[in-house]
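As written, the chains take the letters A, B, C, D, E and F, and residue 1 is the first residue of each chain.
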Amino acid sequence: MMPDLGKYADAVLSAYGGTILLLLLLVIFTLRRGRAAREALESVEKRIKPNG
Amino acid sequence: MSVSDHTPKRPSGFWSYANPVKFLGFSQRILPTLWVLSAICLVVGLIWGFFFTPDDFRQGSTVKIIYLHVPSALMAINAWFMMLVASLIWLIRRHHVSALAAKAAAPVGVVMTLIALFTGAVWGEPMWGTWWAWDPRLTSFLILFLFYLGYIALWSAIEDPDTAADLTSVLCLVGSVFAVLSRYAVNFWNQGLHQGASLSLDKEENVADVFYFPLLVCIAGFVLLFFALVLYRTGTEIRLRRTRALQAREVRA
Amino acid sequence: MTLTIRDLCVARGGVPVLDRLSFALVPGQALILRGPNGSGKTTLLRTLAGLQPPLSGHIEAAEESIAYSSHSDGLKSMLTVTENLRFWADVFGQGDIEPALAAFSLSPLRDRMAGTLSAGQKRRLGLARMLVTGRPIWMMDEPTVSLDVDAVVQFASAVSAHLGAGGSALIATHIDLGLEAEVFDVTPYRAALDARAGASDEAFL
Amino acid sequence: MKALLKRDLMLAFRAGGGFGLGLAFFLIVTVLVPFGVGPNSDLLSRIAPGILWLGALLACLLSLDRLLALDWEDGTLDLLATSPLPLEAGLSIKALAHWISTGLPLVLAAPVLGILLNLPTPGYGWLVLSLLLGTPALSVIGTFGAALTVGVKRGGLLMSLLVLPLYVPTLIFGAEAARRGATGMDATTPLLMLAGITAGVIAIMPFASAAALRVNLR
Amino acid sequence: MKALLKRDLMLAFRAGGGFGLGLAFFLIVTVLVPFGVGPNSDLLSRIAPGILWLGALLACLLSLDRLLALDWEDGTLDLLATSPLPLEAGLSIKALAHWISTGLPLVLAAPVLGILLNLPTPGYGWLVLSLLLGTPALSVIGTFGAALTVGVKRGGLLMSLLVLPLYVPTLIFGAEAARRGATGMDATTPLLMLAGITAGVIAIMPFASAAALRVNLR
Amino acid sequence: MTLTIRDLCVARGGVPVLDRLSFALVPGQALILRGPNGSGKTTLLRTLAGLQPPLSGHIEAAEESIAYSSHSDGLKSMLTVTENLRFWADVFGQGDIEPALAAFSLSPLRDRMAGTLSAGQKRRLGLARMLVTGRPIWMMDEPTVSLDVDAVVQFASAVSAHLGAGGSALIATHIDLGLEAEVFDVTPYRAALDARAGASDEAFL
């Protein structure tokens, strides 16, 4: 399955690895921050109108 | 006699999507689709590119880096362009969502710039025998990176969100002008010294269809991912502002 | 030279603090702003002086008729008392600074660097600055902070003289100035918690 | 206007006002370069024009910090903004005062420091000329950076971050002119570009600076 | 002591606190050097170790400004001086916080910036090692400079002037070690000297700094 | 815990400002320093707090018994109210900050950045800091600047409670605090023009 990358295997693999890592980090941080913001907002909303 | 008169304006029509609450609803509706589409495009494009394209006769397998390098470089520039448009909308029409969208796009833009720089460097090592050369194109990209850093630093340094939005917008405008200026300056600077390495190993005419279609899919994937991230992050910023607004009122109770 | 405000709403940090304010300040009149800490006096004065925009409402005043003095005095510690005053007189196109020096008995200190003055002496210099602006409407934020009893009397008589010459003054303070003046309490105008009035974060509520 | 210029210059020249410090910083950076790079005089003379331009730029940058921040802290800017002087004019004056007290001395000192770095003889004239044309742009662009960050406490480093990329075109053309001059090549093109940048920046930047400052005063 | 360290780090990492700015300045200076000196990669790789050391030193220097001045202005130092914490310990803690928030990131970033300047491959290890040994000395010496100039408004430039000469020995040995490493020579001697300087400075400087600060508080 | 000073001479800028001061401050006692602007109250307090040396004379006080509060409050605008107070409590080795928050009704503001407080709110936070030092002798320089009437009452009762618990306080102020306390006027002690008393420029006279 794995294509033969020849003598450039290091370069190609590290480029793919690095890029995917960076993208994953970006997505994870985005989602984590988003979740935190959502929770903070919900708790404040609940505090302000406990029955609405 | 100076009379200052302030009556709040309420937007309508297309601009009503600039209302944060409406925007949240809208983005919540389309975000799932965006996430899924971008994931599909990225997975398909990258797998296609990595596993099912031949090696280039001159560059060997390194040509596979193109599926990461070109889309990220494109998005890095377009993200800045989007920030510029959003900043203008904020300065002229004062819609909070556009200011927050610019804020949300900046970190995505930096990461794209970083990816382009990183993949380019990794590519350059086998092709040019060096990680980095002061080629005009690479150099102007580095300058773009610096502008991103400054923009983000300014956002985070200023407490009041409206002040921060105004100042970063002005910076984005002025920065764009200077980015263009630097691009010309850099061209001029390096011609004079005839830097050896050239980027035109693989001009567009050389890109055969085998490389071209997976590249298109990857570009689509990066574009979709960018929009998904920016939409989501804008939502986050809106929630943070809302939390802040509610807390501010709560405290004075 | 009348300052008229109608239905004014002012905000700080994007949150409305005072709402539906209306009053007029006519020549010869002084108005004392009162209100507990954090009620929004400083915010109101800064808005009227044109340093920040109001959320809504009207402010009518002649161009360049307002002189504003804030908590801080705008003094350069490395310039002498006269040099500091001279600079502001020049900026506002006024000539003589001697009356201002005399009004706050700063003459003995005239050649001292402003940085070596005591708290109250600095404040007196900051107040003398108002006299060299030549502007009819004075807005002052807690002008008598750090002043001793004599200096408060000097200040009151400087204000009276200004009013007598057709000027007017809007003064935020917590202490008694011994001045014949109407008091305007801002407490009833504190913005309701859900006041929107075009606040910058209104869209987020 | 004259009062403001006079006051700013007086403050700059008075003790602790910062006059001469930019110069001293320039001197020290230039002196430190051989310690870092090594004492090879051939190498030094090749990098001399670039290092001198860079040193001047950094010295200029670091002195920007005091341009508005002091006036902001003690409330002078609030008062100036309510004074009859339009803010654009005020900021131009301040940039001018900054140039007189910082840029001009740097221009005059550069040839002396050139000796320390073995600058080739034909380079002196071009170096001074390019600095003379370029430093006003540095002051004006710097004022914009100062206006952006004036509300941030000790914003000096942030300001450097914002301003340095804006300095790139000026630096490129300036150093290029000096370098070409030093190696005996024709340097008129970069000098013309430099002059163009300076002229454009002087005409337009004060408006951007005033806009930024108004936002900050709000 | 822990409270002070925690607070200083918290302030540094919070928005506007300046963390990352030293790093950004380092990056920018490194990027600007080729614009000044020209894009010749051979030349660049020769001056790379020296320029990287100089850049790190300047970034360190510029962030010193906030080390004490903010605490001075808002009266915190007055209060700290009357607190149970001895001033020497307080200043050491502050230097430590400065190193963690500024020096350490610089050390970590240096290899990446080395790529931009074409640093020869054998040089990376030595560069990082020399910076790791040298930057603590920069923070401690810088604290002394900050303590000397804390009473001067916007004393940033004056402080640079006082501190730069004190940085000379550190710079000489540090850059020499990095340069020898990059050219494949033996670099242990300058590294040992560097370690000696750092150790000595950490042991003695806090007393000098505290003495200077006490005079300024008077 | 008695603070005793005898024959004290204090100087500012190398010039003696107050001379031959003697008094004692015993536990449970509050002393109000009075004197016109520039008479040397700030200088005296800084000297007693150990921030500058006296020219001559004796100061007797237990080690680490004095807490000093100056014109400025030592607040970090980027830390919240509780973080600011917590820091000082940790530095002085004290535990709970809640009583201090309560004494100056800062609880509703506890999570606000100190930089967004109004002038009077900042001052209240600065005063709350004194409560978390746990030190018996308080020295305060114009503590009630910018405070509204209610806050002055709060301050007075905080001082009374401190005195009741065996503490003492030395307060420089120009306004009436509504506090049962002895007044010490520094005016008679102003240094004569030719006073030498070991001033740093004495050798040149």
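Note that in this section contacts are C-beta pairs under 8 Å (C-beta built on N, C-alpha and C of every residue); 3 or more make two chains touch, one makes a residue touch a chain.
No experiment lies behind these values; they were computed from the predicted model shown.
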item: Shortest walk length in steps over touching chains, chain B through to chain D; value: 1
item: Two chains joined by the most C-beta pairs in contact, as defined above; value: D-E
item: Furthest chain, CA centroid comparison against chain B; value: F
item: For chain B paired with chain E, centre-to-centre distance based on mean C-alpha positions, whole Å; value: 33
item: Inter-centroid spacing, chain F versus chain A (mean Cα positions, whole Å); value: 52
item: Distance from the mean Cα position of chain C to that of chain B, given in whole angstrom; value: 47
item: Separation of chain B from chain F, taking each centre as the mean of its C-alpha atoms, in whole Å; value: 54
item: Contacts with two or more other chains, residues of chain F listed in rising order; value: 71, 78, 116
item: Interface hub residues of chain E, defined as touching at least two other chains; value: 15-16, 21, 24, 28, 35, 38, 70, 153
item: Shared-contact residues (touching 2 or more other chains) in chain A; value: none
item: Chain F residues touching chain E - in the complex, by the definition given at the top; value: 49-53, 64, 66-76, 78-79, 83, 86-88, 90-93, 129, 133
item: Residues of chain C defined as touching chain B within the complex; value: 13-15, 53-63, 193-194, 197-198, 200-205
item: Residues on chain C engaged by chain F in the complex (per definition of touch); value: 13, 35-38, 42, 71, 116-121, 123-124, 142, 145-151, 174-175
item: Chain E to chain F touching residues, read off their complex; value: 2-4, 7, 10-11, 14-17, 70, 73-76, 78-85, 217-218
item: Chain B to chain C touching residues, read off their complex; value: 1-8, 19-21, 96, 160-162, 238, 241-242, 244-246, 248-250, 252-253
